[in-house]
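The following pair of complexes shares a single chain, chain A, combined with chain B in the former and chain C in the latter.
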Partner chain A sequence: MTGFIIFLLATRRYMAIVGLGVLAVFFAAALAAPLIYSWSAATLVNLSQALAPPSLTLPLGADEMGRDMIARLVWGARVSLIVAGTSVSVALVAGLLIGGLCGYYDNRITFVTMRAMDAVISFPRILVAIMLITILGPGMASLTLAIAISSVPVFARLFRGPVLSLKTRDFVLASRSLGAGDMRLLFRHVMPNISALIIVQGSISLAEAVLIASGLSFLGLGPQPPVPEWGAMIAQSRSHLMSSPHVVLVPGIALFLLVLALNLVGDGLRDFTDPKAGRAIARPA
Partner chain B sequence: MGTARYITRRLIFAVCLIWGVSVILFAMINAIGNPIEILLAERPGITDEIIESVTKYYGLDGSVTDRYFTWLWAIVRLDFGTSIIYNLPVSEMLVIYGMETLKIQIPGIVIALFVSVMISVLAATRQYSKVDFGVIAGAMVGHSLPGFLLGIILILIFSYWLGILPSYGAYSTRNPVMGSEVIDGLWHMVLPVSMLVFFNTATLTLLLRSSLVDVLRQDFITAARASGLPERRVVFGHALRNAFIPVLTYLGILFGLMLGTAPVTETVFTWPGLGALYIMAIQQLDYPLIMGATMIITVMLVTATLLTDIAYVVIDPRIRLG
Partner chain C sequence: MNAMIDPADVRSASVLEVSGLETRFGAVRAVDGVSFAVARGETLCIVGESGSGKSATALSVMGLIPSGSGRVAAGSIRLAGHGELRGLSDAAMAEIRGRAIGMVFQEPMTSLNPVFRVGTQIAEVMRRHEDISRSAARDRAVDLLRMVGIPSPESRAQDYPHQLSGGMRQRVMIAMAIACDPMLILADEPTTALDVTIQAQILALIDALKHRLGSGIVFITHDLRVVAQIAQQVCVMYAGVVVERAPVRALLRDPLHPYTVGLMASVPGTAPRSGLRRLPAIPGTVPNLAALPKGCRFRNRCPRAFALCAEAEPPLAVPANGDPEREVRCWLYVEGAAA
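Let's turn to the complex of A and B:
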């Protein structure tokens, strides 16, 4: 971490540092959410202050149900980060296993598996996720699972290539000649060499996962009310856009800042781990 | 492997893929349970006998395999059944709503292609300049902005504050703009198309810029410059044509962009297209509509990928077949 910051400072990548700072704020807010605001402050209806504009007592105003926007914002950060973090972690593990095994072993089963992965990749990710939610029913858990499953093929294909080329390298052959088994070779010798790729891809995928999660929630396929998901908040408050734009703009700007920060940090990480590589930007949903 | 054999193999793979999706889709829809029970059971006055007779009417009492093959044979003949919510033939609905989707998606892609060519030429010919960094930063912002947010901001500015553009729908129900239905339709297209152009441009510019940067470094460009060609002809005549090879083969990506952006765009602008229809079908569990739309989307995507693969080997003979 310190090395990363020094690298960013030394190469004058100030935008990535700003991104890191913004991320830190969001993470702190998500972690501290239960300490600053109770769950009921973010969900209980209080119509006496419905659509209150920003003021001293309510710095970001209140939504159409009279709920404090800041309370909903910090709890929303928690929801977004949990959904994105969980789905990316699950997808990373599954993608590593599938990509690693399919790169390491070359037989009929791995061939068919990779072909299936290629087939899923040809569908836009948001459509894959929508189809999965159709079956699973809307909600936070199915949203997380749908995003995870829709990103597994991307990871599997991405990690297979390096494993394919690493397994023939001398240091792997050397430990094989010492009698190391397949699993030991794959997990102790091959995998550690793609850790940089895993970190970079993980951070970019987080940005993508937040975007897709908010998009699906906007469509009503994510966590159901009163859960304060930013995309869902925007969808629910839309009809009040004209009279009180803050109910839409506040979660919207938070969402944009979080995704931008994740992309900037991912971009910086890519340069940090591989200065020769091109710039990294998440593919759109 | 010869080109003909390669294409045949891809074709067989494509058919297998579509068939595989039909099996998975049917199995998953089947796993949700008897649609008649889900749709009717909660309503007042519905007895078990009614559910039973409706189930029989729709042929849902047969075995899974029987029902699958009945359905498969029907969709092969392009008969997707009748929508439960709208009570209209699904095939007819898919065509009508599909046309509305194409009406905004095609201009969205074409204008974005044009704009991104201009921007990426500007950026790539001045690599690492302020313009180039500005373009990269712009693309970064474009990739970080949620689609629905941009749509809503456009509505806020142009419909609510300035009051010059309609915020929803494809037509005015009464009093078309300037008394002409054509102008009225175009007027309604402005905001959704702008939103699509913005996002497609962000994606395409990145692809084209990096491709163009690579091409401009190659020897034949230096040779063209050395032979005294004006820079404009070097860039637009020689470099751009080659930079387009990878982009042309992104045909599949373009198509994916169209399908991926449709649900959110159409929901934001209440556009009567396939994307919004699909979301509505899912929320209201309109089974025939969900299944028909999913199959049509699958066939279109697989066809686009197939055409991309074929275009790839036809355009660039260096591609190794395998």
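Let's turn to the complex of A and C:
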């Protein structure tokens, strides 16, 4: 982490540092949400302050149900980060297993598996997710699962390629000659060689997952009211866009900032892990 | 450990006995009936040009012929204390690899995993085969680095492979191969990718380790000067078969098979010669191993071939009126065959 920040400073990648900062704020807010605002502050209806504009007591105003926007915002960050983080983690593990095994073993089963993955990729991800939620029923858990499942084929295909080429490298044969079996070779010798790819793809996928989660919630397929999800907040308040724009702008800008920050950090990580990005230290040929 | 030692293994001093080994890649007979034995503390060199089946022989012994493309079709591979290796399950072979047999490869630049420190990689071999703690394995990795002649081994153990030179990396590979005190070391052209001074150091190291560990060594090379430095016994391979087998001195002093003679003639000398002289080469190339011609495999390149050579393949036999410790596969040395 410190190495990453030093690299960003040294190579003047200030946008990635800004992204890192924004991300830190969102993470802190999501972590501290229960400490600063109670769940009821974010969910209880108080019509006396409905659509209140930003003020000293309500820094970001209140929504059409009179709920404090800032409370809903930090709890919403929690929802978004949990959904995105969980779905990407699940998809990464599944994608690594499927991609790794299908790259390492070349037989009929892995061939059929990869063609199945290709078939899923041929549909837009959001369509796959909608279909899965239609089956599972809307909610936070099924939203997470739907996003995870819809990203597995992308990961599997991405990770299969390097495994396919790494398994023919001399060091794999050398490890085998020293007693390593298939599983040890794949997971302890080959997989660590694609850790950079995993980290970079993971961070960029997080941004995608946040966006898809909000999109699906906007359509009413995510966590149900009164859970404060940014996409759902935009959807519920959109009729007040003209009279009280803050109710739509606040979650919208938050969403924009989070996705932007994740992308900036992802770009920075890609440069950080890419040997051709002009790093001072020598890297393996 | 080895409670069930085969009495036959104890009687013979051989660490490894290979007999009638045949390895095929589809129709290609890469190894076509090869037999040899290595004793403890002995270095056997397998010499031959590219495509003669040297590496395929080593990979067959290790059970590392890729199952998709090739297989060991026949023969027996016996390792002292372990019996027959052919037909063992992959899991059983994995136990033997790295513990009883260590292997060193040709390409030190790419044979180490680029993302782990070399000390970790050496420790990994011990942790795979022995019940040893992480810190004890790390300490022994440093000892091994010292044993293979790497200066300041404590700090080198913390290096990644790309921070080391080719010679250093080959020393690390050797340290990994001997980490579990193997009784047999297979070295597949371990010095080919190194420059000559480093090559001499690595050869000296392998020889010193042989004396220290008492292991048998199978050393594969195409370089007769390396053979002269390191071998006790030599097998010359051509097109998948052994064409000559002899103690190193006898072979170098008096090569019998025309192929061996050609190999030795094509070693460039260092002494300046009178005038410009073309380096002699053996004309032609190794025959297609998928469609071998009838008779001797070498006859189309052999300066001394005669009628019989085209009709039948000569046996590998003690030369007529020759040294009983030698064997040669050539009709010239079969009594009554030569015209």
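In this section, the second predicted complex is superposed on the first by the 274 of 285 C-alpha atoms of A that agree within 3 Å, B and C clash if a C-alpha of one lies under 4 Å from a C-alpha of the other, contacts with A are read in each partner's own complex, and residues count from 1 in each chain.
Following the convention adopted for this analysis, a contact is a pair of C-beta atoms (placed from the backbone, for glycine too) under 8 Å apart; a residue touches a chain by one contact, two chains touch by 3 or more.
Just so we're clear, the structure is a prediction, and the values are computed from it rather than from any experiment.
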{"item": "Clash-or-fit label for the pair chain B, chain C on chain A", "value": "fit"}
{"item": "Touching partner for A:Ser122 - first (chain B), second (chain C), both, neither", "value": "first"}
{"item": "Arrangement angle, chain B at one end, chain C at the other, chain A at the vertex (C-alpha, nearest 10°)", "value": "100"}
{"item": "Partner chain in contact with A:Met242 - chain B first, chain C second, else both or neither", "value": "first"}
{"item": "Touching partner for A:Leu56 - first (chain B), second (chain C), both, neither", "value": "neither"}
{"item": "Partner chain in contact with A:Leu35 - chain B first, chain C second, else both or neither", "value": "neither"}
{"item": "Chain B versus chain C as contact partner of A:Met1, first or second or both or neither", "value": "neither"}
{"item": "First (chain B), second (chain C), both or neither touched by A:Ser195", "value": "second"}
{"item": "Superposed model, chain A: greater residue contact from chain B or chain C", "value": "B"}
{"item": "Contacts of A:Val259 with chain B and chain C, given as first, second, both or neither", "value": "first"}
{"item": "First (chain B), second (chain C), both or neither touched by A:Arg184", "value": "second"}
{"item": "Distance of closest approach, chain C and chain B, by C-alpha atoms in Å", "value": "19"}
{"item": "Touching both chain C and chain B, counted on chain A across the two superposed complexes", "value": "282-285"}
{"item": "Interfacial residue positions of chain A with respect to chain C in the complex", "value": "106, 169-171, 173-181, 184, 188-189, 192-193, 195, 282-285"}
{"item": "Interface residues, chain A side, partner chain B - complex", "value": "15, 115, 119, 122-127, 130-131, 133-135, 207, 211, 214-215, 218-221, 231, 234-235, 238, 241-242, 245, 248, 252, 255-256, 259-260, 263-264, 267, 278-279, 281-285"}
{"item": "Interfacial residue positions of chain C with respect to chain A in the complex", "value": "62, 64, 68, 90-91, 94-99, 102-103, 105, 107, 109-116, 124-125, 128-129, 160-163, 173, 176-177, 179"}
{"item": "Residue numbers on chain B that touch chain A, as the complex places them", "value": "13, 17, 20, 25, 28-29, 31-32, 136-137, 139-141, 143-149, 152-153, 155-156, 160, 199, 202-203, 206, 210, 252, 256-257, 259-261, 263-264, 267, 278-279, 282-283, 290, 294, 297-298, 301-302, 305"}
